[in-house]
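Paired with chain B in one complex and with chain C in the other, chain A is shared by the two complexes that follow.
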Partner chain A sequence: MKVTINKQNEKTLVVLDGRIDSTNADQFQQDIASLMEGEKPDIDIDCTNMTYTSSQGLRVFLLLQKSVMARDGKMVLRNMNPRVKEVFDITGFSNIITII
Partner chain B sequence: MHCEMLLSEYHEKLPIYEKMKTVVLDLLRNCLDKNNILVSGLEARVKSEQSLIGKLELKGNKYHTLEDITDILGARIITYYSDEVDIISALAEKMFEIDWANSVDKRKMLEIDRFGYMSLHYICRIPETLYKDPELPQLNQMHFELQMRSTLQHVWANMYHYIGYKSDVEIPIEYQRNMSRLAGILELADEQFNRIRKDVNNYRRNVQSMVASGNFDEVPLNGDTFRSFLKLNPFRNLVDKIAAINQGEVYEDSLMPYYNVLLHMEMKTIGDIVRMINENKESAYQLALLQLAGTGLDIVAYSVALQNLCIVTILKKGYGEAGLMRLFDALYGENEYHKQRAKRIVEQAQKINLI
Partner chain C sequence: MMKKRFNPITDRSSEIVAFLMASPDMPKDEDLRFKIELSIEEAVENVVQYAYEGGIGWLEAGTSLDDKSLILTIELRDAGMPFNPLEKDDPDITLSAGERPVGGLGIYICKSMMDSISYRYEDGNNVLVMSKRV
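Entry: the complex of A and B
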């Protein structure tokens, strides 16, 4: 899993590439640690090249979402491929995280 | 000469008043938070030099020292409801030392047939037990004025001040009378707001007891009743069963986004939701089993139970893919992906003979 983070004015653009599973979820969490800081974050995550997420990945997204909400910010995941989107749908996570 | 002395004392004490302003605001804010009181305004200001000069020009002889002018620092709490003024004043009495001789309840100063300025003014000091700064002992000796009034009383007072302030001449008696009439109307409105709040609170209490009693068919579905119903954890058994498919855990998310969906599904009472659960929980579980078994996904949102119940209900009613798309659009906003998702769920439903 490759994570690219770019700050553009008030917005933080994140690009995810690859799969998130039990072998790299901890690393993924470390890679996005900087997103857990700062007030009123505005985070846009491009999932075009994210090929899969396991429940470990869902937990990291959940952690990030809770952190963003606690700081009065917003976060969206976009361009998710149908296979990954289905993981969010069948677990009910589409109700927790904004996916466009 | 006397006024110049008072002005000089004012400049000398200005930094203490500024510090006192911060302390008073913090103390009031903490007190309101601690007592869960929401107010429409909390503000404080130190009287400007210009304003003080104006006051001294009018009534300079009345004041011997700066301490005689009790509103150099003024704080104000504006409540939503007029009856909250008494609650706030009781809290202020506990917190501050009140100079009763100089405090006034303008609400009680008006004759029964007169309407006008309604506000409670306390002249206060900060006791050392509440706040103490060894470098600023004067902070506990100096007075400040605390005004407490409702939002509507505040509106009237502001407009009266603004109209009077802008005029070069005294307001003619007929216009004063109009202002008094408006004060009377706003006093009535304040009373009505108090009454409406009381009625709404009573309604909420009734709704909670109706939901708790289990007479669900008699409970209309609305935001309050749905919230009360959710406290009974009605989807717990189903979601625990779904989570157990992969020996997983449940993340407790909000089900309130489903309230509008249930209305669109023509649910009229809480009883309709209970029937949906009883009639469709097994199918909702079978759908989850088909989707989750073998995936290793060991975390689900609490809402997944209600999501699957809605999906099953829509399919059983024959609304098909279009109905599912409407459900997803209502929950998450329009998205081209919803068509694929609806199609896939219909295929899954056919596999488990749901339709």
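Entry: the complex of A and C
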């Protein structure tokens, strides 16, 4: 999993590339640590090339969503492939994370 | 049936998943493979993380197809602490983000992605069997 984070004015643009599974979920959590900081975050995550996530990846997305809400911010996940989207759907994560 | 015993299993989830996904019993269809791989990863990870105190132990992983090559079956066997993962309550997926507990989704994902999943305790082993129409 490759994580690219770019700050543009008030917005934080993130691009995810690859898969999140048991071998790299901890690394993924470290890679996005900077997103867990700052007031009123505005985070836009491009998921076009996120090809897979296990429950350990979902865990990190939930932690991030909770953190964003606690800081009165917003976050969207964009262009998720249908297979990955189904994992978010069946776990109810599509209801608690904004996916566009 | 194609099967292999992995011993020890610490940090070997991805190797065990890769072994099963390379089985000739696996379908070619990418959507099916995605669901099967995800279910296998969740089930294997459960054993690797929790079955053995101190993490030392074995896991036997196998695949088979029925006579008509319609139903794929995946069997995982370990000699860890007796544990039926299917007894765990399903997560409440209607909760808000603030209320949702972190974790506990692995077996629920298996149940959702596979057609059937069963558990038995047999000869001192946990045996988890998952099947999917392919």
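We take it that the second predicted complex is superposed on the first by the 100 of 100 C-alpha atoms of A that agree within 3 Å, B and C clash if a C-alpha of one lies under 4 Å from a C-alpha of the other, contacts with A are read in each partner's own complex, and residues count from 1 in each chain.
Definition applied: a residue touches a chain if its C-beta (ideal position, glycine included) is under 8 Å from a C-beta of that chain, and two chains touch if they have at least 3 such contacts.
All figures in this text were calculated on a predicted structure; none of them were measured in a lab.
In the superposed model, A:I99 makes contact with chain B only, not with chain C. Judged by the touch definition given at the top, the superposed model places A:K85 against chain B, while chain C stays out of reach. Once the two complexes are laid over each other on the shared chain, residue contacts for A:L62 go to chain B and to chain C alike. In the overlay built on the shared chain, the residue A:S54 is in contact with chain B and with chain C.
On chain A, the surface touched by chain B in one complex and the surface touched by chain C in the other have residues 54-55, 58-59, 62, 87, 90-92, 95-96 in common. If you check the complex, the residues on chain A that touch chain C are 21-23, 52, 54-56, 58-59, 62-63, 65-66, 69, 83, 87, 90-92, 95-97.
Taken in their complex, chain C has these residues touching chain A: 13-14, 30-31, 34-35, 37-38, 41-42, 45, 48, 91, 93-98, 100, 102-103, 105-106, 108-109, 112-113. Interface residues of chain A facing chain B in the complex, by the touch rule stated above, are 54-55, 58-59, 62, 80, 82, 85-87, 89-96, 98-100. By the touch rule above, chain B contacts chain A in their complex via residues 246, 248, 251, 253, 257, 288, 291-292, 295-304, 307, 331-333, 335, 337, 340-341, 344.
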